[in-house]
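Notes follow the structure.
Order of writing sets the labels: A, B, C and D. Residues in every chain begin at 1.
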């Protein structure tokens, strides 16, 4: 098992390096000159050259990339701005603040948004999925599959804004979405993120209901479920212990993908609700040609996806002994 | 004769499907004496498995219509409540299935799956259940049971898995064991070991067994009595000797004819039953076998196509065919 | 197969809705001619009395009236109905072309990876995993200008259709990996099957095996994925426009209507509802059609 | 299975009906005319404020303390909420109005603008006793420091500090900030002339005979040098505490407040600087005890919080978070917001430059001026309450001695005079010209372009729109050999005189230079140099105004663009909040907290 994890993490690091390299070299393919933004209103060529040097952009691309990667593993000394310790992602071109601090500062919001939504859509999605599978063909199953179909077709920026209009702007039922750190005031934390959670959940629940339902239906026809019943097990424990166990694999697979993308910064959700998460940070980094910030946000986004892939594989082994021992 | 241990009277089972009503079992009656093994033989789709699943009450009530009576040791099963059935299953009646790989849960250890039943029915603690599981594994002849009890099904060979299956079924010393084609998925050598094991366990515990199979060889050396089923009905019933040696129904002849015998010489071609099993959606009128029966004209086609032949006589060696006893004896010397 | 599809009423109903949308897209000029308005003229600005000083429609419900069935756009005052009608054209065109491209690439790579096996399979597998780990939306936003000036330099004249080509390219770039992985899996299982072994043993050339044996068995998953991909791409294109990197003015585009809608929703919610509802119906119809096609083709595969 | 699907379509239909009916109830249509003050005419709301009056103050005016606003109350904590944190706290790197405005709280300059009354300002001595005395025909300027001006640690501010502050702006790490005085002291490429004080070398063009006096010796005469010294970019930095790049993070305060804590992009808290003596400061009131600044709020959130005015937000205001277009209708329509609302047009000159290398025919340029859809563009920007329609090159708010003129009938026919344009085009070299119009690809500019395209088409002018990525916009239009005929460009005067506008936007033509119209006219350059050299400031200002009209009349190198009007709110318990017309931002000097 340990060997399996180390092999996968090595693979992950390689993938991240490839993605980082792509971002880095593509960044310089964009026609804009980041130095121009660090130079004053009137920017004669010699001053522009000086600004480019201060940002370290005058070295060959390959050298810059190596120094950047070096910074992550060994830390890096910025002349003038001081030393930045091991996981050094550099200083933002815009406000010269260490990029890592800004990322860590924005991460709690994105994590709260993701986990909050995950709890909601997992609970509703899987629950309705199971019920729909058990009551296959009955009224409940029809409602579940129709609502899941509609849910899957909705767009965050549409129902998000509709919800904002009816729940916040017109009737003030909910608070304007905003982030209050959990440690500071859990109640406001929940109230502030309630709307985004619900909206995100509506869209994701659909997928989980459909997947749980179809896998559960398959599981219930498995022979060992029939054996369990033949052993006199009560229906509830047959479903929970045997059928659900098989369905877990499908749920874990799509959950890994969803969490990976959400942690990477739900750009559209944050844009719709005006939340300053990793998504907004990455967008602003793009518009202000802030290379270190962009590299950091891409690393976070890609890192999240890759890490969750590994977690999913590990969970496979935990759930299914056949995988574990092969 | 006290009333039989298990008696099935006029059992009819129909399924609602998209294409209409499927008559899986149509007025079936049979008995099983205590401590004896009844072999149920018939092509796939003849209703063998459906019958036994009905005994256990494992059908989905919404889509199945069941009528008739089943008495086990005097207790009525069809009308029984869900909870009583749950108490019975695994405790008084147990079942083993054809493909042990898919019939055992891949996610739980063998010990746990066996122990589960024991704990459910006897309220034993985890450790007691585990000890019982180890004991059962020893009884069914699994080497190093103490270590193998924590293994997973995929770590067992085909034969060993079937043994584990049997261990699980017999853990609560059930009175009736239903074996649904237990050896079909195994190769011949392992098949013999499993059958001997079953016989040996029957001698020890006096459990009666219903052996469902399409292989007459299996019936020959395990069953005391035989029931031949066709299209959801019994067409012949009797002791092993009677049915195998002096079969009286054309379908049974066909079955015997299509089976290679050690005794018969190699160059006599086997005589398979022509045609295919009838669709249970619209069962042929009269005797369901008449479209494939070579002797219809002998018995009189209007008879065979007309009324449905009853299984007569009610006791002993009965068959459901309009041919006279003499004709039957004459045809099959 | 066709019989089973025809019997499935909801499938047929959704097919009708889809065909309706496709017809509207094709006949857009005719509709606009009949309706008397076009999506480009700034009616609100040309005729006074439609928009107030802040640029919002005066008539209730976003300026719905006999002239403007779906109302007019705040500030610029363009007709919403024709914008929606022509908007279908943009979205459908981009989504259709991208789906075809993505499916083709997915098939080629999927089969090559699955069939070739060994080192190539491992290499392609790694590439697919890397592409799937890319944060695609962020990449598209960040590097749209790079793709765009592959064709034309930054300050030169960019024709309008170029942005559509860029969108197709970019969406395909991130779209093919999913399908390729699925098909690779299918091919791997098919390869083991006896009839492929048999074909190989009888000395059939790899090309013949791929086209005669493999492909016929892959049509079902390919078609199912394609029917799922199309609505997903329509929403992806709309999302990109919502984020400001989609189609540019003055080509009517649903995504841009969403973006504008979310800016003015406090004063004119109607302007947001029309594209919203249109997109929801469009995507539901496609999803329903996808489901029915899947059932018709492969009833065993429970949804 | 089949039954389940038929109902799907039924539910779908019901869902659609529900949503569309919701919209019927939800949107009762906008009020016909904004109930504010405008009745369609474009000028009405902009009349609510008059252009700023800026005069030169005397030594007497330079004495502290600052003139307090009515009802001032000392003490309390004021909250400021806005979107962006301040990227630069080192004055040498400050050029943007937000950072310049914040610098007034923690730093001082030699001269500064003193608020006398609403919209009335005087240039007075801040650290200096007066606005400086010029000699040698405006080439030498002498300033003497006031007594009692100290740093936050109590050490006195000396002329050495002032000299050091100017010398360090030559160092390589300074790439932002203004460059006027540096170029006057040395020459155009000032970085090559002097590399900064850190290697021990001094700049002899600045003399400090004693601790109190500083003398600047320019190579060329500059009558308005005292205005230049008022720029935040020339704020002072203590020689002893200069930490070069780090100073941008932790500045040393000479102003009324000290930065107590700063979480980048999140919060910043200021406390009083005990060593700041109000008697020496004619400009800064510094009435609140504490300042609490919060960042990361989009303009929409800022406006909603200030509109709600609930709880702590009552003592909150915003420097630069103006009301976004989608909230204008509510903010201006709501009567009880009147006393908490302020608006002011932008002090910047916004122009649609013609590329004179390509659009050579003046008749075409003037025809475009006539046909320009100013009213439609104003509409796109949010109507008369959001954008004013100026007609002169110099901005009314940043030009002393401003006189308006309207050559192309913008006031009379704001939605474009198509006939006049056609008439001119008929006389021109190409009656149906094609204009390549490049625009910055933001949502608003996309819509403005659509308005321009359809309006000019009416006059027979075919417009080809070229979207430019917002990051490459200034690079692309800054190139000499760009492929465009027209493009938008803005320029803000650094102090209220034509000398920082016309000589720059019609100055040297080079890559990256702000002369986007590539106007090369030796006569014009000569006249501009003559006015710059004019020592009488008032004569110079009237000359600039006349030149402004002459350029538009004889050359018409541009179309004067719309000017955004910022509408801002402040909490009910915040007093003395005013938008500084020159900097287009709420200045902190008169802010106080009502109990």
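A few notes on this one:
Assume contacts are C-beta pairs under 8 Å (C-beta built on N, C-alpha and C of every residue); 3 or more make two chains touch, one makes a residue touch a chain.
Computed from a predicted model, the values in this text were never measured in an experiment.
The minimal number of chain-to-chain contact steps leading from subunit B to subunit C is 2. The interface carrying the most C-beta pairs in contact is the one between chains C-D.
Separating the centre of subunit A from that of subunit B, both taken as means of CA atoms, is a distance of 55 Å.
Averaging C-alpha coordinates per chain places the centre of subunit A 39 Å away from that of subunit D. Subunit D has its Cα centroid 44 Å from the Cα centroid of subunit C. Distance between chain centres (mean CA atoms), subunit A to subunit C: 23 Å. Multi-chain contact residues of subunit C (touching two or more other chains) are listed as 145, 154, 265-266, 269, 273, 276, 280, 284, 288, 291. Among the residues of subunit A, those in touch with two or more other chains are 30-32, 145, 149-150, 165. All chain pairs that count as touching, in label order, are A-B, A-C, A-D, C-D. Across the complex, subunit A is touched by residues 56, 58, 86-91, 94-95, 97, 99, 102-107, 116-117, 120-121, 152, 154-155, 168 of subunit B. Interface of subunit A with subunit B (complex): residues 222-224, 226-234, 242, 245-246, 319-322, 325. Subunit D makes touch with subunit A in their complex at residues 1, 3-4, 7-8, 11-12, 15, 22, 26, 85, 87, 95, 172-173, 175-179, 188-189, 191-192, 244-246, 248-249, 263-266, 296, 298, 300-301, 304, 469-472, 474-476, 492, 504, 510-514. Residues 1-2, 5-6, 8-9, 12, 15-16, 19-20, 22-24, 26-34, 38, 40, 325-330, 373, 376, 379-380, 382-386, 436, 438, 441, 443, 446-447, 449-451, 453-454, 464-469, 471-472, 475-476, 479, 482-484 of subunit D are the ones that touch subunit C when the two sit in their complex. In the complex of the two chains, the subunit C residues touching subunit D come out as 7-11, 13-14, 40-42, 45, 51-63, 75-76, 145, 154-158, 244, 248-250, 259-260, 263-270, 273, 276-277, 280-281, 284, 288, 291-292, 295.
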